[in-house]
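Here chain A shows up in two complexes: once beside chain B, once beside chain C.
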Partner chain A sequence: MIKHLRILGLFWSTSLAAEMEYRTNLALAIITALGNLVGAVFAMKLFFIHQKTLGGYSEPEAMVVLGYFVLLSGFANTVMVQNLSRIVTHVREGTLDFVLLKPIDSQFWLSTRNCSPWGIPNIVLGLGLIAYAGWQLKFDAIAYLTGVIALAAGLLMLYSLWFSLGALSIWFVKVQNITHVLYQLLEGGRFPFTAHPTFNRFFFTFVIPAAFLTTFPAQVMIGRNDFQQYLGASNIGLYLIVVAMAVAMFIFARYFWRFTLRHYTSASS
Partner chain B sequence: MPIIEAENLTKHFRVAVKQPGVWGTLKHTFKRKHRIVEAVKAVSFTIEPGEIVGFLGPNGAGKTTTLKMLTGLIHPTGGKATVTEHVPFRRDAAFLKRITLVMGNKQQLLWDLPAMDALRVNAAVYEIADDVFKQRVDELVEMLELSDLLYQPVRKLSLGERMKTELLAALLHQPDVLFLDEPTLGLDVNAQTAVRRFLRDYNQTHGATILLTSHYMADITALCPRVMMIHHGEMIHDGSLTGVIERFAPYRELMLDLEEPTDRDVIAQYGEVVSVDQQIAKLLVQRDVLKPTVQRVMEELPITDLTITDPPIEDVIARVFSTGIVTEDSPYPEEVAAGHDR
Partner chain C sequence: MRTFARKFRVMLVAHYALALTYRAEVFIWALSGTLPLILAGVWIEAGKSGGRPLEPEDYARYFFCTFIVRQLTLVWVVWEFESDVVQGRLSSKLLMPIDPMCRYLAQHLSERVARIPVLGLLGGLFFVLYWEQMRGWRPGLSDLGWAALAIVGTFALRFTVQYTFGLLAFWTERAHSVEQLWYLPYLYLSGLIAPLEEFPKLLQQIVLFTPFPYLIYFPSRVMMGGDLVHFSLAQGFAVMLGWTVVVFILQRILWRLGLKHYSAMGA
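Right, the complex of A and B next:
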């Protein structure tokens, strides 16, 4: 564990050093993140001028969902997208060989080798948004604690989905477009899932679990349960289901990766 | 106790076959035809600790596939491999710490960063203590004559410097077994010599076992007392480098300086004539009758000088791989010839 943390520190310090060669990029990333945020908040404000609720969520409640969305997309940009695109490159150019020959878990290496600072502004702004809405809604410590656990479950789900998709490159080699799939998946979580039409609700819950990524952490903080009518579970039951689902997806991603590796043929010289 | 053992090692690949043209592409998109390529066919050999073995074969002969099976990157279709008493494909940490793979056409160093950054990551991954790390880097820097190049971004290095840095990165954990796939690919003559010298020194100082593939015969003749030749996935020779000449070219070349122009037919009595040009004649003589033939030539022909040479090893090997000509005593002539027809 300590070994892995040490390696993680080296991974991130080296890849940040490589990225910091391009400082203008960071400035642009901050501006883009701010612009996106202002746009999203503005759209929501506009909506709430005439409406009291969005899918049953009040304005600050919907803002918690938006906060989680911004936070997750920041996380995706910082770690996931960076590494996902490298998996594809590794497979195509055959440099995956070097990773597989290191005495370290290849999934750990491939998932964490790179990080980019460009998503950090989003992470900060997402947290700020949740804190601001939380202050308006007067969240207590327990709300924050449950929110953090739900967020962790959401991140684990997003990661597992993302890595399983990346593992497909062993078979199909060219799967760069998966990055877009990942973004679209997140996009489904921008607003409370109850604001979507019924079909989409079903889709975002059972097909791609976007609802669990943003709406669920928000609602455990707020203390609602919008899933009851779909899953028929109480709040605590639902909580357990989501955590179990996240763990199950993670285990699946691990096995799937090992399974695909058996089919790795390695790009020829 | 051999450090590398391969027993009937076999690898088949399933590859999609595509016809050229638009129609071929359409058909390929919807219905793929596959065929099985037998990249490596039941290859067996053993290598003892400390040996340097050259692995020869034309492109597509199955060299890299064999190396990848021995390093555990790909799963063999059949047969058994044991390296440092481990089954490679399990890729146990204990196994991976004892081997390394260097590929001349792929690099593990990060393009934008100094090599030192990647080396530190490797040190952490291989759990090398700081003082040991420093000592090994110093030693390898000296052997490879890299001086302070480790602190420059990799993209600023020349190809030769980059290869040497790759070698450093690959050897930091002091592996016992080195798999080198074309380590001198694309390097100029000086850099090639430097890499060769380094590999020989490394083998001597650390007793490391080296299995090396190369298209440059100079690499092989300089480093490898033993060569394995693979052709169409089959092992056609495993033995000493001089054995290659004896087995595949059991003749020597005689060059005669004659006092006066001599008739071709006269010279042909002594061996197979390669060329006759005025007073210079070249002929091939079977090894087993070399001595009596030379005696007869000296007694019977008006010569001023006589030179005996081995046919160049490059030529011998190139001829084996390109024409499949194998001598009569070879146990594999049919297979090689058949392989060539395919």
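Right, the complex of A and C next:
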């Protein structure tokens, strides 16, 4: 474990150093993140020009959901997008052989090797938006604590989903666009889960767990339970379900990777 | 001119074959156009509670149109061009007796044909999911005709703009950052996230002079049918064409400057 942490430190410091070559990109990333936040808030406000609530959420409550969305997209950009597009390159060019030969877990290597600082502004701004809306809604410390745990479960889910999709590259090779598809589908997480029509709610709960990534952490902070009529669980029961789901997805991702590896037949020589 | 047409036809066929070899990829790309499906749902629900500028049915139809427009006008030339410059592949393309732009153009156009089955599939999903709102939709023939013309214009504008960004690769290794910056106002002001009717009045007026609404809102709104409130067809086409011409001139200037600057690294 200590060894892994030390290696993680090395991985990230080297890839940060490499990215720092493009210093204008940092300025660009900050501008992009700011612009994105303004745009996202603007898009959300459009609903509230003519209405008081969106799917039963008031404006600041909807902003908490949006805050989680921005935060998660920052996380995705920082650790996931780059690594997973590299998996595709490794498979296509046959360099995955070298990764598999290294005396370290291949999943660990592939999902942590790169780290891009360009998602960090989004993480900061997402947290800022949650804090601002939280201040308007007067959240207490317990709300923040439950929010953090729900967020951790969300991150684990997102990672597992992403890695499982990345593992598909062993079969389909040219799937670097898969991150785009997932990203697009996760867009549903921009809005409170209850703002979607019935069928889409089902989809965002059971197929793409976008509802658990953004609406769930937001609603535990707000102290409402919109999933009750779908999952029939109280808030605490729901909490356990979500955490169990996150762990199950992680275990699945792990086994799925091993399973796809068995079908890996190298490329080139 | 005849020989040019023949060359271009050959390129189209060749790129079509290429696109078909990566059918799964085309399929996945098309899948990434699901945003209108999600947004349609949210807006229909919001529209049901009343008091909005459009009816719930209009939202379903509007977002269906944005889906079609977006699928038909997707452009990624900045990434292609950038990697060609950075890896030196552009050099061999420059030796061919035809402007490299034609090749990228052919690639984009052919891919569109390979995309049609997916267009049907996802478009069908629209009707399945939002049947209640979609079934009464009878787009007029003249609306569709004008929309087709607008879509061609949209593609021309988007391709011209992105190719211009791509040319910056002569000077910087990451030309696509500029495209990513451009993508922000595009995402929020083009009408992709909401029809312009939803915008505050003043913003509507300003945005109509920028190129953004002509990339999604204008063709979609024309295709959707009904009365155009904020502008006339002629006005829309004029602004769209104006921007295309301006950017095209800029692009030709950049092309000349860039070629002088190009050092064909890597090749």
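Simple rule for what comes next: the second predicted complex is superposed on the first by the 267 of 269 C-alpha atoms of A that agree within 3 Å, B and C clash if a C-alpha of one lies under 4 Å from a C-alpha of the other, contacts with A are read in each partner's own complex, and residues count from 1 in each chain.
FYI, contacts are C-beta pairs under 8 Å (C-beta built on N, C-alpha and C of every residue); 3 or more make two chains touch, one makes a residue touch a chain.
These numbers come from a predicted model, not from an experiment.
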Q: Pick one for A:Y264: touches chain B only (first), chain C only (second), both, or neither.
A: first
Q) Once the shared chain is lined up, is A:T95 touching chain B (first), chain C (second), both, or neither of them? A) first
Q) Does chain B (first) or chain C (second) touch A:K3, or do both, or does neither? A) first
Q. Touching A:L54 in the superposition: chain B (first), chain C (second), both, neither?
A. second
(Q) Which partner chains sit in contact with A:K138 here, chain B, chain C, both or neither? Use first/second/both/neither. (A) neither
Q) Does chain B (first) or chain C (second) touch A:L28, or do both, or does neither? A) second
(Q) Between chain C and chain B, which one touches more residues of chain A when both complexes sit on the common chain A? (A) C
Q: Classify the contacts of A:Q184 with the two partner chains as first (chain B alone), second (chain C alone), both, or neither.
A: second
(Q) With both complexes overlaid on chain A, does A:F11 touch chain B (first), chain C (second), both or neither? (A) first
Q: Could you please specify the touching residues of chain C with respect to chain A in the complex?
A: 22, 24-25, 28-29, 31-35, 38, 41-42, 44-46, 49, 51-53, 129, 173-174, 177, 180-181, 184-185, 187-188, 193-194, 198-200
Q) Touching chain A in the complex: which residues of chain B? A) 13, 64, 68, 71-75, 91, 93-94, 96-97, 99-101, 103-108, 110, 112-113, 117-118, 120-122, 124-127, 181-182
Q) Where on chain A is chain C touching in the complex? A) 22, 25, 28, 31-32, 35-36, 39, 42-43, 46-47, 49-51, 54-55, 172, 174-175, 177-178, 180-181, 183-185, 187-188, 191, 195-197, 199-200
Q: Sort out for me which residues of chain A touch chain B in the complex.
A: 3, 6-7, 10-11, 14, 17-18, 21, 93-95, 97-98, 100-104, 262, 264-266, 268-269
